[in-house]
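Here you go, one structure.
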Amino acid sequence: MKKIAVLTSGGDAPGMNAAIRAVVRGAISYKLQVMGVFRGYQGLIDDDLHDMTSKSVSNIIHQGGTILKTARCKEFPTKEGRKKAFYNLRKHDIDGLVVIGGNGTFTGAKLLGEEFNFPVIGIPGTIDNDLYGTDFTIGFDTALNTVVDAVDKIRDTATAHNRLFFVEVMGRHAGFLALHSAIASGSEAVFTPEVDGDMERLYDFLRNKFKKAKSSSIVIVAEGTKEGNAITISQKVTEDFPEYDTRVSILGHIQRGGSPSPFDRVLASELGVAAVRALIAGKKAVMMGLESNKLVEVPFDDAIFKKKDLDPRMVGLVGVLSI
Amino acid sequence: MKKIAVLTSGGDAPGMNAAIRAVVRGAISYKLQVMGVFRGYQGLIDDDLHDMTSKSVSNIIHQGGTILKTARCKEFPTKEGRKKAFYNLRKHDIDGLVVIGGNGTFTGAKLLGEEFNFPVIGIPGTIDNDLYGTDFTIGFDTALNTVVDAVDKIRDTATAHNRLFFVEVMGRHAGFLALHSAIASGSEAVFTPEVDGDMERLYDFLRNKFKKAKSSSIVIVAEGTKEGNAITISQKVTEDFPEYDTRVSILGHIQRGGSPSPFDRVLASELGVAAVRALIAGKKAVMMGLESNKLVEVPFDDAIFKKKDLDPRMVGLVGVLSI
Amino acid sequence: MKKIAVLTSGGDAPGMNAAIRAVVRGAISYKLQVMGVFRGYQGLIDDDLHDMTSKSVSNIIHQGGTILKTARCKEFPTKEGRKKAFYNLRKHDIDGLVVIGGNGTFTGAKLLGEEFNFPVIGIPGTIDNDLYGTDFTIGFDTALNTVVDAVDKIRDTATAHNRLFFVEVMGRHAGFLALHSAIASGSEAVFTPEVDGDMERLYDFLRNKFKKAKSSSIVIVAEGTKEGNAITISQKVTEDFPEYDTRVSILGHIQRGGSPSPFDRVLASELGVAAVRALIAGKKAVMMGLESNKLVEVPFDDAIFKKKDLDPRMVGLVGVLSI
Amino acid sequence: MKKIAVLTSGGDAPGMNAAIRAVVRGAISYKLQVMGVFRGYQGLIDDDLHDMTSKSVSNIIHQGGTILKTARCKEFPTKEGRKKAFYNLRKHDIDGLVVIGGNGTFTGAKLLGEEFNFPVIGIPGTIDNDLYGTDFTIGFDTALNTVVDAVDKIRDTATAHNRLFFVEVMGRHAGFLALHSAIASGSEAVFTPEVDGDMERLYDFLRNKFKKAKSSSIVIVAEGTKEGNAITISQKVTEDFPEYDTRVSILGHIQRGGSPSPFDRVLASELGVAAVRALIAGKKAVMMGLESNKLVEVPFDDAIFKKKDLDPRMVGLVGVLSI
């Protein structure tokens, strides 16, 4: 192993820059050369590769977004596209690749690795925290901070009676962000894609607990819940409980940005250096993860196809704590 | 003047607590007694008044919301209601009243003062900054911080091409928050209730400037703009410019909360003490304001009925700076 | 088990309120009565106990400090003092106690439990993260955020050449906060109480790496390092390397305050409910911890007397990433 | 006027980037060419000038520091140095210069302008807010936010009795930052370079008011106060009042960094565009300022030599509000 490359792909996640920095400086500290691929797999196909030095990643650890940018790529899912990508990797004498992203990123990485027997290591970078095999993905903690900071502000204003706030957060298929932000913000109810009966629990809360003590309540809604989005759920509640005054906030892409939290930066630093070590050790087709506070290598097949469940301990906490 | 009372009314604004604290401690330092009225005019009618000491307002300067709470009151707009309120003021030997809020708050204050020849002083507390006679209202700067912080995060993620973010901010009748946040966040366009032609300017931007340099653009939309809200505007743009990928964030009540900014705290501290001084000096039916960096007394009639316009200097800046 | 009590003791840590809330609401959800002890062990001796309801802990999850306050107590370390404390616990028919704090707190709890065969459960609340048996203590993540936020700001200003910033952080006996903040902020060197040779490594850095690429550098110093504090270290460096312009920041008690991070709130919520469950299950003399992402019960003897070491994986990262 | 240049000089202030952006885009919108000078006057002497486009200043409005960097320059105070600078300005056909900085920056600008009859416009960029003729300097509001955020955190921890926190803030010759942060943070006392009797007032507070109501108190100390710095003042207090437990925080360069506040960004945007307009209008040797909410042109001689005083209204507020 003499030369490696690194790219980011898929949706932005805060901490991607910290991971790029760790891969680049980790590589340099192990005497490897390292190139950065711009615009993800599209850049690999277009030969948008550039030499990276220690200085290239100076002063980026705290920046949101990704200096390597990401882009959608229609060509990479085709064998023809991956062939071009491999050709460019070879052209630059690159022996190994680190990809930072989520499920789709690893699917592409798996195919490239298998077809050309090329070592690719993945680093989990997504605010959804929905990758099997790692307790945390890079960006989740920062997105959680952003959501909870927003909900804290809403709570300040919650001095009026009978007011019900719905806050829609990201999560098309995964409710980690919704669930953890509900616990951390002391919200009264939560809707996630994974759990059934969220509407019933909310109605039960409104009928029984709400009037007793609370001046106002907050409900977190993952965008991908079966019951609809924050607007449709709030409309239904307004019909059934006309005595409540409902308000909606939709956070949107705010959740993908912001300076990464220290937690995400440390995680990204660890995983970035570990990915370089894994390449040197001859590993391939694995995602680096942190499980039970230990660095682990998760086969792409597991990371991609296995389902990571919400922790039932956490699911139960929302009800206990909104008593 | 031996004893005064203070209340907050209308929508929450960050800094109301700092103003309450300044009124209470200002009163004490001038050897006055002071009572706090809970839940605004409703509390005045319900005799929900309580003695305030220096300690009552300890450690609240940095808190969002209002410790005195606010509430809607259907009775106060009636003469009967105001009579009850006046009765309670007299009952507690209160010689003067300070009300913290916006337009509706001052309208009630004006009537109470006129009907019972009772001295009432207003303090402008609203995130909308739409009160005539003062350059700034308490809460505006904090709300501006909240909006701009959100837009900064969106910009982090704006590495993809042809993406257009719409961010809806508060402002049913006033565009100060939208306009100032557009300038401060470096947004490419803004929709306000006051200015015509916002849609044309956006289309002009999309047709001419957008493609040149920008990887993505942000548009701030005040909720009360004539062209619709952020969702309807984004839908119209998607129809007319299908090549753009549009996303919407609706900030909602987040903008009313949060720890007040130092600017708002200093403003609230100044105005709170000045309101006490005004009562002692025998003033009535005026709002304390800060104009051209000087403390001023604005007759309620001006504060309520005159229209504060957007500064044309500011309106022009958005176009100049998004070149 | 019908009635329990909860107290906070020792130095403040952000998230203590979230833990109190979880104990109170956890107890209520298991049909237990619960009292709050004000001012730690001193309040136990002075009979400063008060009934807690769900509403007593409403709207505190996001607040720094502790609503139960803490205090130094000279009497509790004496058997006589603990006797009074036990007497008050019995007087109120309390069957179990939850104490939130650090090493000193648990030492007191252990003695009380042993002498009177009284069940006490500990919850780790300290920014130092220095308790054996738990991967994280409540408050550590928030303090880390505070330190890293400060260092990020210093880095903004680091455009001048040959400037060396020393930032002193808390940690008399433990370097977790210093080490993790050095990694997360991309600092160039770190001084901890645990590791030898920090001065040599700094000098090596200054002699060899500094001049190459960096315009300025940041050094994190734990207050309890053997080499002195930030001021004395910076003075020594100034003597030996007069070409550097050195600056010192001492963060102090800022690190103990602030709204707790979502991470700390979730941790506190989990541990608080778990502590109640442990009491119900008949446990005693254990600290609840989170190890390898699992809830664990750590005997007080281990939590108090065993030494938690810095992770060598982390210690190595600082050097690798400042290359 | 066909081509202008812009530079930043002196200590960093948040918002300098927003001002650079406004000068560059303002120039472009008026059909002028514009160059950026790196490293202040040193870069002018070294011919470190570069063409700036709209894109050069894209995505910098929210960044701390200055993309043009600053540097000390020993040569520019000499006539020989300024001759080289002027030579380079002419070489690039530059007709006017905008300098962003403080007192020292304008002193250099004044000399350059007078000696070579060259139009130079100043923009006030310093966290000290100590420039005569403008109500606010760029960076002051952000630094104030940073200080107050720190003090808020300290107050969280102030549950123990008899504790006295000293927080040292920047300000060698000016107490604006100390005074405004004392008001905004609700601090109990303040030391500034301008006002006499600060020690007496503190002692009076400690003797009379402190014990009544307060559990702990905070004192803000400007670094340039006559009574010493935070450490020496705290030591003196400890000697005279051994019953108090004193703690010191020294914020240091944290105050110069951070993302500029919206207030500072709007101010910088206004002044940047105004500076371009002033050059076009044939103005020279003036600093653009904002006084009484109006754009004003302040002769360099006034900005440099006249003393801006603390507002007595503000000085009085600290005592009134810590009652």
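Going in written order, the chains are labelled A, B, C and D, and every chain counts its residues from 1.
Here is the rule we use: a contact is a pair of C-beta atoms (placed from the backbone, for glycine too) under 8 Å apart; a residue touches a chain by one contact, two chains touch by 3 or more.
Just so we're clear, the structure is a prediction, and the values are computed from it rather than from any experiment.
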Which chain has its C-alpha centroid farthest away from the centroid of subunit A? D
Could you grab the centroid distance between subunit A and subunit D? Build each centroid from C-alpha atoms only and quote it in angstrom. 39
Using mean C-alpha positions as chain centres, tell me how far subunit A is from subunit B in Å, no decimals. 36
What is the distance, in whole Å, between the centres of subunit A and subunit C, each centre taken as the mean of its C-alpha atoms? 28
If a residue has to touch 2 or more other chains to count, which residues of subunit A qualify? 152, 155
Could you list each pair of chains that touch one another? A-B, A-C, B-D, C-D
Which bits of subunit C are touching subunit D when the two form their complex? 11-12, 14, 63-66, 69-72, 146, 150, 152-161, 165, 247-258
If we count contacts the way the header does, which residues on subunit B are in touch with subunit D in the complex? 21-22, 25-26, 28-29, 54-55, 58-59, 61-62, 135, 141, 144-145, 147-148, 152, 155, 180-181, 183-186, 213-214, 259, 261-263, 265-266, 269-270, 273, 291-295, 313-314, 317, 319-323
